[in-house]
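Each structure below appears as structure tokens.
In the two complexes that follow, subunit A is the common piece, with subunit B as its partner first and subunit C second.
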Partner chain A sequence: MIFTIAFKELKERLREGRFRVMAIVMIALLAVAVMISNNYYQWVNRQHTEARENARSVWVSQDAKNPHSAAHYGTYAFKPKYPLSLIDQGIDKYAGVSIYLEGHTRNEARYMAAQDQAAISRFGDLTPDFVLLFIIPLFIILTGFDAFTSERESGTLRLLKSQGVSSVTLAAGKWLGLFAAVLLIIVPVFILSIYFLSKAKDFGEFNAGVLALLFLFYLAYYAVFSNLTLIVSAWAKKSGISLVVLLAVWMVACLGMPKAASRFAESISPYPTQSQFMAAVAEDERNGLDGHDPFSTQAKKLEEETLKKYGVDSLHKLPFNWDGYLMQRGEEHTAEIFDKHYGQLKTIHENQANVYRLASVLSPYLPARFLSMALCRTDYTAHAHFSDAAEKYRLALMDNLNTHFAENSKYGDWAYKADKSFYAGIPDFSYEPKSYGDIIHANLGGIGVLLAWLAVSALLVVWSVRKMNIL
Partner chain B sequence: MFFHYVKYEGLQLIRNRWAVVLLIVFVVLCLFAVSNGTGKVTLRKAETETAVNTMREADEVHKAKIDSLEKGLLSLEDDGWRRRLNYIGNRAPRVAVMPPASLAFLATGQSDLYPHTMKAYLYVNIETYAASFTELSNPVQLMFGSFDLAFVLIYLLPLLVLAFSYNLLSEEKEQGLLRLTLAQPVSLYGWLFNKMLLRFFLMTAIVWGSLIVALLVAGVSWSFGILPLLGLVTLYIFFWFAVALIVNVFGKTSGTNAVAVISVWTVLVLLLPAVISQLANNLYPVPSRVNMIHEMRTAKAEAEKEANKILASYYRDHPELAQQDTTVKNQYQFYLGYFASQDVVKKSVAPVLEEYREKSEAQKQFVESFRFVSPALLLQHALNDIAGTSSRHYEAYKNRVIAFTEEWRAWFLPRMFNNELMSSSDFEKLPSFEYNYDEVASSFAADFVALLVFAVLLTGISVWVYRKEGLEPVLTS
Partner chain C sequence: MADLKLKTDVIPNHNLNDMLEAKQLTKKYNDATALDAVSFTVNKGDIFCLLGANGAGKTTTINLFLNFIQPTGGEALINGLSVTAHSLETKKLLSYIPENLILYPNLTGLENLEYFSGLAGKKYSKDECKKFLTEAGLQEEAHSRKASHYSKGMRQKVGIAIALAKNAAVLLLDEPTSGLDPKASNEFSELLTKLSALGVATLMATHDLFRAKETGTHIGIMKEGRLLELLTTSHVNHTDLEKLYLKHMN
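The block that comes next holds the complex of A and B.
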């Protein structure tokens, strides 16, 4: 019986002009979005590969120069783009793509794409995640809002009930019919993505298991929206009202809640502005970490200790270049300061993430959004992971330069030049993203919330259909 | 007869729960949105004020110190103070502030992407300075966007209008009242149009009222400045009523109408903007910043090779900077050499930056010209424009700050070349930064007219559809 109902639902839909138009539009939109994203992905990756090679060759081909000049000259780290960004671009547009690695300071990732785009782009871009997260739920609503109301309006619900169909069977049948329509649209699109992703292998690893998991998350998300649609349709008196209510639900879940949550997140744990952040860093540099022991006093103490340790009375007599040594200690000191302030930024982000987690209870869009970004490695965690790796490399690089300077020159010899081979010998920046195991582990909470949405909404469907007024 | 209809409809609307619910919902939405907007503006003001005050306090300290030095009350314990022009130019940077426009609370626009406080130093690394016009923020927030008045007006208002009007005709038909109405000597279209017009006036009153209440509660000081806002919103409301009117005159059922109006909303507010934005990225791609970095680095590497031998040739190019009193050695010698070499680097890097800036601007303008395809885009553009938070406002700020760093440098450079000292009275003469909103040409008129054209056009289309469909389908179906 369940399948009879489901089959009837699907057949009816397929015969309907409205549904056919919508389905064709959906498939076309998604296919275009996947193709465009694929082009974009290839374009960005070509650029980044080229940029990485260029940055390295510029570094390697430096003329003989003082290592500290090289530290100021610096180099760049470029954030890679991952194959699954084909499905979800996440925050990529709002995060910088390159980090300038230089002496004395930790720089933020710069050049976010959003700044180079017109304000129109704030409406969103036609990317697969835009269609998958916003448009398909709307499609579900537009397809299923009259699942019960139309039967009630035409009086067939009474007929159906008189046949002895149980509420659960009826709900399950309707649900399957609706969900089959969704599958009809997203299965081809995921197959198309698999095709592109398997071709994109040269640009990075592609993990079929992760794509499958992503697909399951989206299915769960759509199942929740199918449930919500049936619940409202069971309660609404008229089709028009059912649609208006469902639209309000969609609006709150997909647009209102994320924005409102951002506002509360910002008022609970606000981000500093760039100038406040820089001022706080400068304050610590001037007065020492947490207001005591600034580097200038530390340096004096260090000088005395070192002289004593080597049993000499002047910096000239030390077996190494004191300037290089002191600079390295200074670098370590500022690294600590930056570490503290970037740590605070992370704490703020974590506090804000908790607000979004809390809001997930009111919006199924939020857990789906965060899970999708996380698996596609386009969320904040992925960005921060890269930024930390770049900082680690920067510190190693500076250590290399300063130690070389200290060990190969005399105190006060600022004219010392390290030759080309030294720069070429410094290892290149290489980056390994977080493993999928870690990513999934970190997102278990989100998975739980999404599953809870699924379970609770399913129970509500059964309950609503039981209570439903058949007249 | 006509008067009776208006009176009856009006009474019914007022007694109907819909109007009350709408009013409450809209007031709450506006209050929340306006409080978000004013909250951001307050923070922005506080931040810029702190920055300016910190600068002023530092100025006073420096001034007092220089004064004491001049009067011989203090001795020079620090070399930096001997070369105090250099010290002040770099350690007492000018704060360049972009204060919020009076209606900034309306639309966050691009204001969450850019900083509003920058500093102009004597030594600016052009390679990184231009890139530092980026605000520190949670990218997740940027992605979700703000719950500001612009969001309420652009996205939510149309849905409220459509929920209020999708079944104007169909409901009457479904309740069987239509036949009764048509038995009276009225034209169906005229009757329908009046019904819509009445709702339009009611909706406009609700929206205006909510906006004014929200502004009063938020304590926004407002004036005739909000008239453009009210004008835009009124046209936007009319446009969406006209959409509902067209859907209604097809004479389909309420359910079908609801699907139709929501589809139109989805296309105009969600899909078209996304498609345009994506098309623009592909047809007219923003030049790769990553490539720009490489070009900049290559130019810099070349320039640095030259830079070290150039102070001599610098004097050849700038005879006006040569020191007047040639009997003493210039105490700023080291810095002057640095300036000269920086100039060479800047000269080679700046064209690369400029080229990319121009390309990016061209792309933005190209994309913005597409706003005329959807009233949602027009309203967004116009709101950012009157809120002073559009891309163009920030582009102007950025250019102005970069120009100001040159001004700042130009004040110190001749003095340093002439081996002068900074005196306490010089503080009054230092250049100061001012951002002027009037420098950015407003496109309000174009957006307003375009919205008006949309409203008129759609009303015209509704008449055309009505004539084409005729009365028959409505009555016989």
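The block that comes next holds the complex of A and C.
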């Protein structure tokens, strides 16, 4: 009987001009968004490959030079673009794509896509995640807002009820009919995505299971909106009222709450500005060990300790080049400072994430938003993971250079040059992103909230239709 | 409507003769009393006509039997079952035709019938459904047309077909003939008589004194929520009925 109702709902809708236009617009929007993203993805990927090969070849083909000069010469770490970012770009647009790796300092990722765009594009891009997270819920509302109200207004609800249909059966049928309409739109899009993703040449392999999981999360999100739509339609006296209430719900859930949550998060645990951050790092550095300044108090102290340890009375008698050693110790010291400050950024992020988790209770958009980014590896965590890996590589690289300098030259011998083969022998940066298992584990809270939304809203549907006025 | 065939075995076999019973049925909205302690019974094969002006409580009575609204006092029973306690079971026994029957405009008459009888748990082939529509008086060529093109009378006929297809033991009719032309109206009355002979108990709200006298077996005159008069139609002639009705209305 549920299927009889669902089938009739769908049949009726497919014959309705309003629905047909809406469905065609939705499919077109999504298809265009996927294709634009695919082009962008291919383009970024090509550039990425080119730039990466270029940076590496510049590094390996550098002339013989002092290892510390090479440290200042530097190289680049490039953040891979993941296949699923085709669906959800997350913060990618605002996070840089490459990190300049050099001695003495940890650089932020640079060259974000948003910098290259005109101001108008700040109003939003036509990306699949925009359509999937914002527009489809609107489509659900516009399709289902009159699910009960129109039947009550016309009187078919009375006839329906007189046939002996229980309210819950009716609601289940209506729900299925509404959801089928959603499936009609997003299934083709996901198939289209699978097609593009499976032939995309990428860095990480495309994981169909993860795409399926992402699809399930989106379905859960849409199920919540379908439930909300039926709840309001069951209570509203008129279709117009139902529509207005649902649009308000949409605005609060998809626009208001995310904005309010981010404001609140920022006021509770604000990020430092770039200049504040750099100033704090500089402050710590000033009081610390500078590899380039052998006359600072810290350097003098290290000098004394080292001489004592090796039982010699002059830097010349050390079994290694003191300059290289000092440089490496300075590097390690700076790394600690950066580690501390980046750690603080992570704490701030964690505090803000907690605010978003709390706000998720008030808006199903938030858990869906964060889950989607997390699975597509385009959230802050994924970016931080890459940034940390690049920093780790930078430190190993510096260690390599400084140690080579210290062990192969004499104190004061700044003219020492390491040859090409040494630089070519240093391994390239290779990056392994966080495993999907870890990502899912880290997002169990969000999954729980989304499922709770689903369960509670489903119970509310049952309760609402039982209380529903037939006349 | 000559070849109307009802599967009498589908009509539940009841020991009780009272198919419909209103016991001190009362409905109040805040201070206003829509229905005031109304009691009556409709036996198998009876056609009970509720007469009265608008707002007399006829529709309220029917809505109470449908359990669309809750009584403030008293109870409505169908086949001995309270409609509030056995909402779904009692609906299996009844068919309902409202005054202005609306169908799903994007579905054809046939699809509407298939849908509604499907919800009642009946499975009919397309041919059987078409037969019901024809029996209800809907022309063959209209069967596959969208209901948005139907006139009120045509929709009402689909409603009758829905009732026929359900094969119910009880008919609840809320001014069912108000949109029908005299011929269709007459055919409808014949149909009611036929169903009555098969044992169907009918409760019908109507303004039509003439039709009530012709078709009904019993008549109840209502005013301002109260049942003022209970008559057996065979005991009064049309003139007396009219006089009595007007006396109460004034």
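In this section, the second predicted complex is superposed on the first by the 457 of 471 C-alpha atoms of A that agree within 3 Å, B and C clash if a C-alpha of one lies under 4 Å from a C-alpha of the other, contacts with A are read in each partner's own complex, and residues count from 1 in each chain.
Just so we're on the same page, a residue touches a chain if its C-beta (ideal position, glycine included) is under 8 Å from a C-beta of that chain, and two chains touch if they have at least 3 such contacts.
Every value quoted in this text rests on a predicted model; they were computed, and no experiment measured them.
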Quick one: subunit B and subunit C on subunit A, clash or fit? fit
Larger contact residue set on subunit A - subunit B or subunit C: B
According to the stated criteria, A:Gly324 is in contact with first (subunit B), second (subunit C), both, or neither; which is it? neither
Quick one: is A:Gly144 in contact with subunit B, with subunit C, with both, or with neither? Answer first, second, both or neither. neither
Of the two partner chains, subunit B (first) and subunit C (second), which one does A:Pro80 touch, if any: first, second, both, or neither? neither
Which partner does A:Gln47 contact after superposing on A: first (subunit B), second (subunit C), both, neither? first
Looking at A:Lys8, would you say it contacts subunit B, subunit C, both, or neither? Reply first, second, both or neither. second
Could you tell me if A:Val97 is touching subunit B, subunit C, both of them or neither one (first, second, both, neither)? first
By the touch definition at the top of the document, which applies to A:Ser162: first (subunit B), second (subunit C), both, or neither? second
Between subunit B and subunit C, what is the tightest CA to CA spacing in Å in the combined model? 13
On subunit A, what residues does subunit B touch that subunit C touches as well? none
The answer for subunit B against subunit A in the complex is residues 32, 36, 39, 43, 47, 51, 54, 109-110, 113-119, 127-128, 131-147, 151, 155-156, 159, 163, 166-167, 253-259, 262-263, 266, 269-271, 273-282, 285-286, 288-291, 293-294, 297-298, 301, 304-305, 360, 363-365, 367-368, 370-371, 376-377, 380-381, 384, 390-391
Okay, in this complex, where on subunit A does subunit C touch? 1, 4-5, 8, 11-12, 15-16, 154-156, 158-166, 470-471
Listed in rising order, subunit A residues that touch subunit B in their complex are 18, 22, 29, 33, 36, 39-40, 43, 47-48, 50-51, 54-55, 58, 62-63, 73, 76, 78, 90-91, 93-98, 100, 107-108, 110-127, 130, 134-135, 138, 142, 146, 149-150, 238-240, 243-244, 247-248, 251, 255-256, 258-263, 265-267, 270-277, 279, 345, 348-349, 352-353, 356, 379-380, 383
Could you pull out which subunit C residues touch subunit A in their complex? 63, 66, 68-69, 88, 91-92, 94-96, 98, 100-104, 106-107, 111, 115-121, 159, 162, 166, 172
